[in-house]
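First chain written, first letter: the chains are A, B, C, D and E, and each begins at residue 1.
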Amino acid sequence: ASSHKLVLTGSSTIAPLAVELGRRFESLHPGMRVDVQTGGSARGINDTRKGIADIGMVSRAMKADEQDLQAVTIALDGIGIIVHASNPVAALTRQQIADIFTGKITNWHEVGGKDARITVVNKAEGRSTLELFLAYFQLKNSEIRPHIVIGDNQQGIKTVSGNPHAIGYVSIGAAEYDAQRGVPLKLLPLDSVAASVVNLRNGDYPLSRPLNLVTRMTPTALAKRFIDFARSEQAYDLVEMQYFIPVSVD
Amino acid sequence: MANKQIVDTGKPNHLLRDRAIQLLIYLVVLCVSGIFLWILLDLIRGGSALLSWDFLISMPRDTGRAGGIGSILVSTLLVLSIALLVALPIGWATAVLLAEFIPAMSSFGSWVRYSLQVLAGVPSIVFGLFGYAFFSIYLGMGFSILSGGLTLACMLLPILVSTAEAGLRAVPESYRLSAAALGMSRAATLFHVLLPVAVPAWAAGLLLGIGRAAAETAALMFTSGYVDRMPESLLDSGRVLALHIFDLSMNVPGGDAPAHASALVLILLLLMINLVAMHLTHLWQRRKLNTE
Amino acid sequence: MIWWKCSILFQSVSIDRWFNAGLRLGATVAALIMALILLFLLLESWPALQHIPLMRFVTDDAWHPLEDRYNLLPMVTGTLYASSGSLLLVIPLGIASALFMAFYASPRMSMLYRRLIELLAGIPSVVFGFWGLTTVVPLINQWQPPGASLLTAILILTLMILPTLVLTSYAALIAVPDEYLRSAAALGLSRWGMIYGVVLPAARQGIVAGILLAAGRAVGETMAVLMVAGNVVQHADSLFAPIRTLTANIALEMAYAMGDHRAVLFVSGLLLLLLVMILTTMAGWFGKEHHGE
Amino acid sequence: MAAQEAEHRMRSKPDITTDAHEGVNPVQSGCAQGSTYTLSPLQAGPYCCIPEPVIQVKALSLFYGGKCALDTVTLDIYRGCITALIGPSGCGKTSFLSALNRLTDLIPACRIDGAVHIEGENIFEDTCNVQQLRKRIGMVFQKPTPFPLSIQRNIALPLREHGITRRTDVDVITEQVLRDVGLWDEVCDRLDTPALSLSGGQQQRLCIARALALDPQILLMDEPCSALDPIASGVVEDLINRLSGRYTIVIVTHNLAQARRIANYAAFFWVKERERTGHLVEFGHCQQIFETPAHPLTAAYVSGVKG
Amino acid sequence: MAAQEAEHRMRSKPDITTDAHEGVNPVQSGCAQGSTYTLSPLQAGPYCCIPEPVIQVKALSLFYGGKCALDTVTLDIYRGCITALIGPSGCGKTSFLSALNRLTDLIPACRIDGAVHIEGENIFEDTCNVQQLRKRIGMVFQKPTPFPLSIQRNIALPLREHGITRRTDVDVITEQVLRDVGLWDEVCDRLDTPALSLSGGQQQRLCIARALALDPQILLMDEPCSALDPIASGVVEDLINRLSGRYTIVIVTHNLAQARRIANYAAFFWVKERERTGHLVEFGHCQQIFETPAHPLTAAYVSGVKG
């Protein structure tokens, strides 16, 4: 990577935000170029390690074996359980959700809904959303009995909005964006905390994750400048536009 | 007459059979057209509102939700041109070699043919993996239009070769024999006699290739990358239309309308390339062959 | 002046030689690409092949790479079911369409239909997937949940590979010499008698080539299938069961895979390549046998 | 005549009863002994060129696109006779033949005026069953055009199409027509090989056999010998001679000596220099055309050129 | 002879000096008056069939794949003479002709044993310049094979290839050879139309003209008249007669009468029944072959078949 070009790769959740950040960064520093590639958190880590990318985007907490990289959180995101808007079920307990995903509950009427088979929408192996979800409900992926496995957020949203009996989980930001624009989608509260950006910001919502930018131990000056910019107040409105929660710098 | 009876007993069910088959074929065609028109109409309904000149030339903003597809069109055309620039000479040379210069059964020929047949069946995602591992990492091109173009070129090769070879093989043997009998070199025979006859087949193959290349997503995901800004050099990453459509529909909340519009643009683009190429081929052949 | 004439002759001879050399170079490059692909897939999957015994790719109880379970078999069957299902559908549809263009339609209709098919050949697979996800899946879901299933995958694949087959077999059909048609007509054969008895056998080679091409696309299609097949790793027990194909698996997990997981995905790429190589070899034998007869 | 009719019926309707099959038996045994059978009954049959028109061509004009290729031809073709069409290249002989079995339908740009009555029925009327018509009129082309199938299937295919599907019937007919054209001994041990592997002459005879298999009443032949070597050509010529009487034959030939040898009637076509429109100059008994031509053009043609 | 030689050189090498161009002028003016020019010098030229072998075929065997198509043929072809090759279909006449200008190179499976010496040089040696050889040996095929180009370009293309590129030279040669084959008057006003729009006979004559344009010494003709009507066939035959003496001509024909009329020498090929291997039965003066054949097979062939 040359001195006036930054390459970011990694989580598709962060990528849209990073693109906007990059655009503003470029306008503040003429002559700079910020290239954003999506993929997944693992790719962010991988590419940063290999030096293909200057900065990796990782939408989860760092793992123990990733201590060779330096991570900075730039925003928070939550994971929300979604069902079709026409689904009469208003809330599910933690146990019910775990049972539904593990195939112990297979019909909506067992949890107070219509008499219809539940379609479980799960995420593909390796996604950080999946890891978080599993960790929160203390499940193993092999225990889950999915009917549909999806890749990206929008596929999950499209699947659930097209199937009145489906249940899935996606980034709250994306779900809220679509729900507000008339997509037949409903976010279920978790542990009786409504899944909303507001609750996320309060810290009330239990299933949240940090959005990190990672670099190697000694980041280049440019990468450091960009990360600092991303955490600064100049970037808050961009973060909020993507329905994420900016982290306040102390 | 005697034989009339036989035929008369046979006749009605033949007539019936013919009618039934004709009906079936018409039904199939209606079905296929219907479904395809349905898709097209869906696309038009979803995207035509956005479609405008402005949409074509302005940059995407807000991860594609707003703005246009100017930079993406440029990247697409760049990737396509690189792919064609690389694949056409190699592919057509291979086709000419296979059809004209070496016996079909020779070991070199059958080796080349075999590898091309395998290439034709290799899934595009495997090309993507290969391009990522070879061009992007091993050759150090990173995520770049160049790397994407080269990957696509590999993918296009078998299509170009097989169509061009078929075109050449369809040229009557008598032209070759009489050209040889007149002491013409094989190169001259090729350029002056065989090519003009085979050119429609070549053009058709080219169009098929362009269609495949322009619609390719999986092979470019890991090679030319996602960056939706105007590329400044071939080593910059650039997002192609098909990938843009994929990203908008799979990753961007509220990206459906621009995705539809982009798909429409892609289809119109292909249509245009199609018409222009057909026209040029026709003109060229007419000039070469003096056909009326 | 005479030397000038000679030099032209000399030139055209040497042109032939240079030309031949250039062509050989091109062909070698073309052929090397397959070797390169094989090499790099091998290199990338080496870490996994080194310490995961090959048998485990078929004997493990499931596909949970993060839990060290690497059974690829369900995805192989998924790929086979989806592609053979779509081939079963597309062969009659495609050949009927090609016949329509060649023998049933008026020249104008034929042209129109051809344009339509050419257009479709250019629609990106993503668009098909997208359309399947928002239109076909909900439709089937109303009938047999969850909707995303082997059936949808087959339907969408059929639409995708149809243009390839139609265009190639149309080319094969119109290449059938007019003489055959004329003599068939002179024998009083009906239209279908002519098509079935004479035209199809004469065009068989071209049509089979088209089918192979289409089969290649069906096996290799990634994005569209990813969107509509449901992607559950399992052996499908009915048309309505979701499946995951090898290619969709790579696209789904590649970006997120690390270490062994990633290497195993390359192994599945390798597997696909080997599958294609075997099929090609078999097709070659088949072709030779027919040639010999 | 009656005997011949009966034999026809047997051949073309082998499924009347099983007796019919037994009736054919002697044929088979005869075949085993050589080609004596097929030659004898045909030769024994009465030579019956009857001055009764089977085909009446009335003011037939034929256009390709806007271009007139054949200008108001009026002509009768007599039952059981051999009529030779002669004339220079491009004078519309092939076009004329194609009009007789409506093969011109296959050429989109081709338009026809006038009428052709076959057995009294105008074939250009919509009520005419074209397939039936073409079954009654066999055609052999200048270039041998076997289908790319096995020899056996080349003959079986049109039979099937016309309702003769029983395996044994098809086999009997196949053998018979292949004997008729003298091909049986050459190919009987390899009926399953591709017809395209035959030599040119064999291919042409196969095409004739294929046409005969449908037991047509009329046979149109477009220069059937021009692609053949003298031996094969002689065989075909003999064959035509033997077939006359049984079939009404219209033959196009560039070989005037041949026309003279085999034809009962001859029609001479000519093509005008400028507009390249073919027309009928003279029609009459073969002898008359060749020996006392009425038209100077005919005289010049039949005498001036080297056959 | 000498004058003729000079004229040849002028034609084939028009770029020697500008004088050469002027030297050709009378030809042009002659052409404008009709076809007198081309006919007269040819007819006036000495009829010179010299018993001096130009082509010496020595134990030539020809194999397609493993199959032997032609078995040890030894034969001399004499300068300026017309040699006719006759024999039944499949006896290897076309294969033999193709071997003479190494056209067999184009057939991958084809292997050749033995030697063919042309003007003393073995053409199967690697040192032989094949293109130069083929320029010296013109060939005309059974089926007319004009390129799908304009009439003009059909002739210009091989000329270009052999270094005659100046527009005027090409035009002069084009007119001359078209006159030679009697096609000039028919097509002079439409040289730019596609050659494929010509009639069969015209196409064949165009092919002959194309071969003549390169001013070959030897002309191989594979049944040049079989696709033609009698008039065109007569024209071509006349042409061949006129060309003899100036060119060494080897002609394959199925028309024995024609062979008898035009040839000086004749070679009779036959094909063995079982293994389908062609071989030379008899070679000699035309008259001898047709009137006092030495071999019973020859006798049977030339007498028994209808030409």
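We take it that contacts are C-beta pairs under 8 Å (C-beta built on N, C-alpha and C of every residue); 3 or more make two chains touch, one makes a residue touch a chain.
Note that this is a predicted model, so its numbers are computed, not measured.
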Any chain in contact with subunit C as well as subunit E: B, D
More contacts between chains, C-D or A-C: A-C
Chain centre separation in whole Å, for subunit D relative to subunit C (CA means): 48
Between subunit A and subunit B, centroid-to-centroid distance (C-alpha), Å: 37
Distance from the mean Cα position of subunit D to that of subunit A, given in whole angstrom: 81
Multi-partner residues of subunit C (at least 2 other chains): 12-13, 190, 193, 227, 251
Contacts with 2+ other chains: residues of subunit E: 131-132, 161-162
Interface hub residues of subunit A, defined as touching at least two other chains: 12, 38, 151, 155, 158
Interface residues, subunit E side, partner subunit B - complex: 101, 103, 105-106, 108-109, 130-135, 137-139, 141, 143, 145, 147-150, 153, 157-158, 161-162, 192-194, 207, 210-211, 214
Of subunit B, residues touching subunit E in the complex: 103-106, 172, 174-185, 188, 192-193, 196-197, 288-292
Contacting residues of subunit B [partner subunit C, same complex]: 14-15, 17-18, 21-22, 24-26, 28-29, 31-33, 35-36, 39-40, 42-43, 89-94, 96-98, 101, 108, 111-112, 114-127, 129-130, 133-134, 138, 154, 157, 161-162, 166, 170, 185-188, 201, 204, 207-208, 210-212, 214-218, 221-222, 241-242, 245-246, 249-250, 259, 263, 266-267, 270-271, 274
For the subunit D and subunit E complex, residues of the former touching the latter: 87-90, 199-201, 226-234, 237, 254-258, 261, 301, 304-307
Partner subunit A, residues of subunit C touching it in the complex: 62-67, 69, 133-134, 137-138, 141, 145-148, 226-227, 230-233, 242, 244, 251-253, 255-258, 261-262
